[in-house]
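In order of appearance the chains are A, B, C and D, and numbering begins at 1 in each one.
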Amino acid sequence: MMLTRDGIAWRIARDLREGQYVNLGVGIPVLVANYLDPDQEIFLHSENGILGVGPKPKRENLDLDLVSAGKGFCTLVSGAAIFDQQQSFIMMRGGHVTHAILGAIEVAENGDFANWRVHGEAVPGVGGAMDLGVGAQNIFVAMSHVTNKGKPKIVKTCSAPLTARRRVKRIYTDLAIVDVADDGLVLREVMPGNSTADIQAKTGAPLKIALDCREMDVPETASNGARLRQ
Amino acid sequence: MMLTRDGIAWRIARDLREGQYVNLGVGIPVLVANYLDPDQEIFLHSENGILGVGPKPKRENLDLDLVSAGKGFCTLVSGAAIFDQQQSFIMMRGGHVTHAILGAIEVAENGDFANWRVHGEAVPGVGGAMDLGVGAQNIFVAMSHVTNKGKPKIVKTCSAPLTARRRVKRIYTDLAIVDVADDGLVLREVMPGNSTADIQAKTGAPLKIALDCREMDVPETASNGARLRQ
Amino acid sequence: MIDKTLSSCAQAVAHVHDGATVMFGGFGSVGVPGRLVDALRDQGARDLTIISNGASDAALSPLFEAGRVKKLIASFPSPTSHQFRARYLNGEVQLELVPQGTLVERIRAGGSGLGGIYTPTGVGTELAEGKEVRVIDGREYLLELPLKADFAFVKAHLGDRLGNLMYRGTMRNFNMVMATAGSVVAAEVERIVPAGEIPPEQVHTPGIFIDHVVQAERHPRLVELPKEGAQA
Amino acid sequence: MIDKTLSSCAQAVAHVHDGATVMFGGFGSVGVPGRLVDALRDQGARDLTIISNGASDAALSPLFEAGRVKKLIASFPSPTSHQFRARYLNGEVQLELVPQGTLVERIRAGGSGLGGIYTPTGVGTELAEGKEVRVIDGREYLLELPLKADFAFVKAHLGDRLGNLMYRGTMRNFNMVMATAGSVVAAEVERIVPAGEIPPEQVHTPGIFIDHVVQAERHPRLVELPKEGAQA
């Protein structure tokens, strides 16, 4: 059994807490917004200058002057704040954003990660990835456990161009949750139907098994009907 | 004949032009505000965060949250802007303020000046003097030509602790106006009753006499009744 | 009376010279001075170095299409920057890629008279190549140098004859910092209001930074709804 | 529900430890968190390093009078700072004098994760002693290092339970930048308003920077009219 992209997002959302300030990268991370507990106040940060990003607007309440980091139109939650790029990057680089949840091409066992440039990509673009990479209090990576060719994305050393060094704290994949500890990788949760040996086989660096390592507990569908595992 | 402190301020005001952004230091410089041409829009900058400082408030329109750099209450002119210290010092250090008009203890012939610390002063304080010193487009100094012991304040080399190097453009004193040119000091205006030789005698560095050097033309009293010369 | 207003975008770009460095504000479709982009295309200056967060077609395509750009300094020339990408790939346009927060700080340093800053962003990555690394208090930083421009073109919601600007929504983005870093700064605004109408506490960019203000309707390129999937 | 409000200033200063570094906002009588100053005096922490633009009696005298301060980092301990001056002159309190704009930039560097900045301010003066001088693009600059604090105490007009702050008049001064640079940041506000009441575009300090908000009446020390002659 493995998680869908929505499933990974759902699982990450369970680990966020009231009062946290969270920046969601493109890809799986933005889906996390759909699974936040509505009873907990979690403020979403958008690097173009918003703290308190709300859901996409309906046609009738669309504001042409309000976009989020992905360039799509957005709304604001009650208590949101708007600011310029200087203040936004003070938040990001200065250690004020609680979590950056980012996609990645590779994560190394020492917490290095690569998420901005695929080898051989013709036109590079970096955006705020490196600033979040060095500055957010916690870097959570959301990605598939292996590439679509079956190659491990959790590796001993990144081969893709680095985003930041030694900064990833936790990796959420379609198969497992892996923590990056000072002395290496620790397997914390595994999707049902996979043994820890299965996960190790799909991981490019040695995994310690956490004493309390357990099966991941994710329902088949979310309350919005999205399929979370397959 | 010599100018009063108000007279020096009056004379400086004649050299300011519409559209300029001017920071007035403590002492003679703040008096300049009283002599600005009301038909010209000149914006006064206050380093604590105002562009467009207006006159002192009357008791009935006093706002306890509105002070200018000298810590006294002030008002705002129409079109004023309020901001924090970061933005204020971007204006000052970044070359956006057109003129800083500052008092000084000494000015050297190369444009060095000293205005923040008298030798032997027990408790130093610098405030924004050094930022304006390096950053304003034009530094005009307003001061008496000699100390109250008769010592020249325009000198070959400053003996008091420097504020900034090679930045003074023009010196307005109670006796003369002296420009700081690349190759030395140039006497531009002299108070009636003083010869250029008299001024040189009271100046600690050689003065070139401008081709168009002339007598200063300042009325005896300002329209507000203040005495401008004595 | 101070009057920084101009009656046309053409006037605002008239003095841009060949080889000039030009900043453009904007992030996504918001806060882009689209009418000034077109006016600069029409004006004809060549070999421009453009400083902008991105290079999306909606923002800058006229200048790339007309072959006016020599170099782009940006953080994210996204996949929707077709006009830029084509010219970058054929070698016509150079790219200096700068992390977004570093781009902001470099522009801020330029506008605020700083000589440079040490940032942790990019240490150990390929964007650190050729840059000084320095350990301060046990952490590594890169030395990054100021960016200034001959012209900065910004976009605001309201402006007045004094050059005071007020933004709305996420318009502030790069506009506020770029307004400090151009030798000449022109603002495209949606509406020119009488001086004093913007409350002093809501002036986001004080007039001291602004040379010209021109009123122009939002460019139709920047009104289209983005495709689904571009949402974040 | 997030609730950063506290019911007393005593709670806001409760955890300040002996030897702590503490920032206080304010310029002149405006934007000084005077009730938090008193609360910190009452709390009793000793050997404090205070970072503040000045040290006027109206702002900080209780801490100097009670002998709680080891060191002051400031730009302008003015002639009205009698309590500080007496203790500085008898050697009880040290002073690190920093040009005002450099003080701002050092605090900003601390709050924004920069390792340092190069500023032209102070080059060639006695305040440059012991500092690295570097020529960049033909001009000399000083390397200035970040300032952070264990606690930053700021003052605003309005605050909400999320920590969002809005200032009025010249209250922003050092408060905005200091709010980014304290490990713990507490705001004394004149009025706590419901979340959402401060419009998003008028939130000057977003709640992300703020840990505690406490409502307190303006301190009477800070209401007195200054003497004539202190005007600028």
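Methods note: a contact is a pair of C-beta atoms (placed from the backbone, for glycine too) under 8 Å apart; a residue touches a chain by one contact, two chains touch by 3 or more.
Treat the numbers as computed from the prediction; the structure is a model and nothing was measured.
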{"item": "Contact-richer chain pair [A-C vs B-C]", "value": "A-C"}
{"item": "For subunit B paired with subunit D, centre-to-centre distance based on mean C-alpha positions, whole Å", "value": "29"}
{"item": "Between subunit B and subunit C, centroid-to-centroid distance (C-alpha), Å", "value": "36"}
{"item": "Chain centre separation (subunit C, subunit D; CA means) in Å", "value": "33"}
{"item": "In subunit A, residues with contacts to at least two other chains", "value": "82-83, 89, 93, 134-135"}
{"item": "For subunit C, residues contacting two or more additional chains", "value": "105, 108, 113-114, 119-120, 168-169, 201"}
{"item": "Complete list of chain pairs which touch one another", "value": "A-C, A-D, B-C, B-D, C-D"}
{"item": "Complex contacts: residues of subunit D adjacent to subunit A", "value": "1-2, 108, 111-114, 160, 162, 164, 180, 195-196, 200-201, 203, 206-209"}
{"item": "Partner subunit D, residues of subunit C touching it in the complex", "value": "105, 109, 113-120, 134, 136-137, 139, 141, 145, 167-169, 201-202"}
{"item": "Contact footprint of subunit B on subunit D as seen in their complex", "value": "27-31, 53-54, 56, 74-78, 81, 84-85, 88-89, 95, 97-102, 104-105, 108, 119-127, 157, 168-177, 204, 218, 223, 225-226, 230-232"}
{"item": "Residue ranges of subunit A in contact with subunit D within the complex", "value": "18-19, 21, 41, 43, 45, 51-52, 76, 78-83, 87, 89-91, 93-97, 134-135"}
{"item": "Footprint of subunit D on subunit B - complex, ascending", "value": "24, 26, 30, 46-50, 56, 62-74, 82-86, 89, 92-93, 117, 122-131, 133-135, 161-165"}
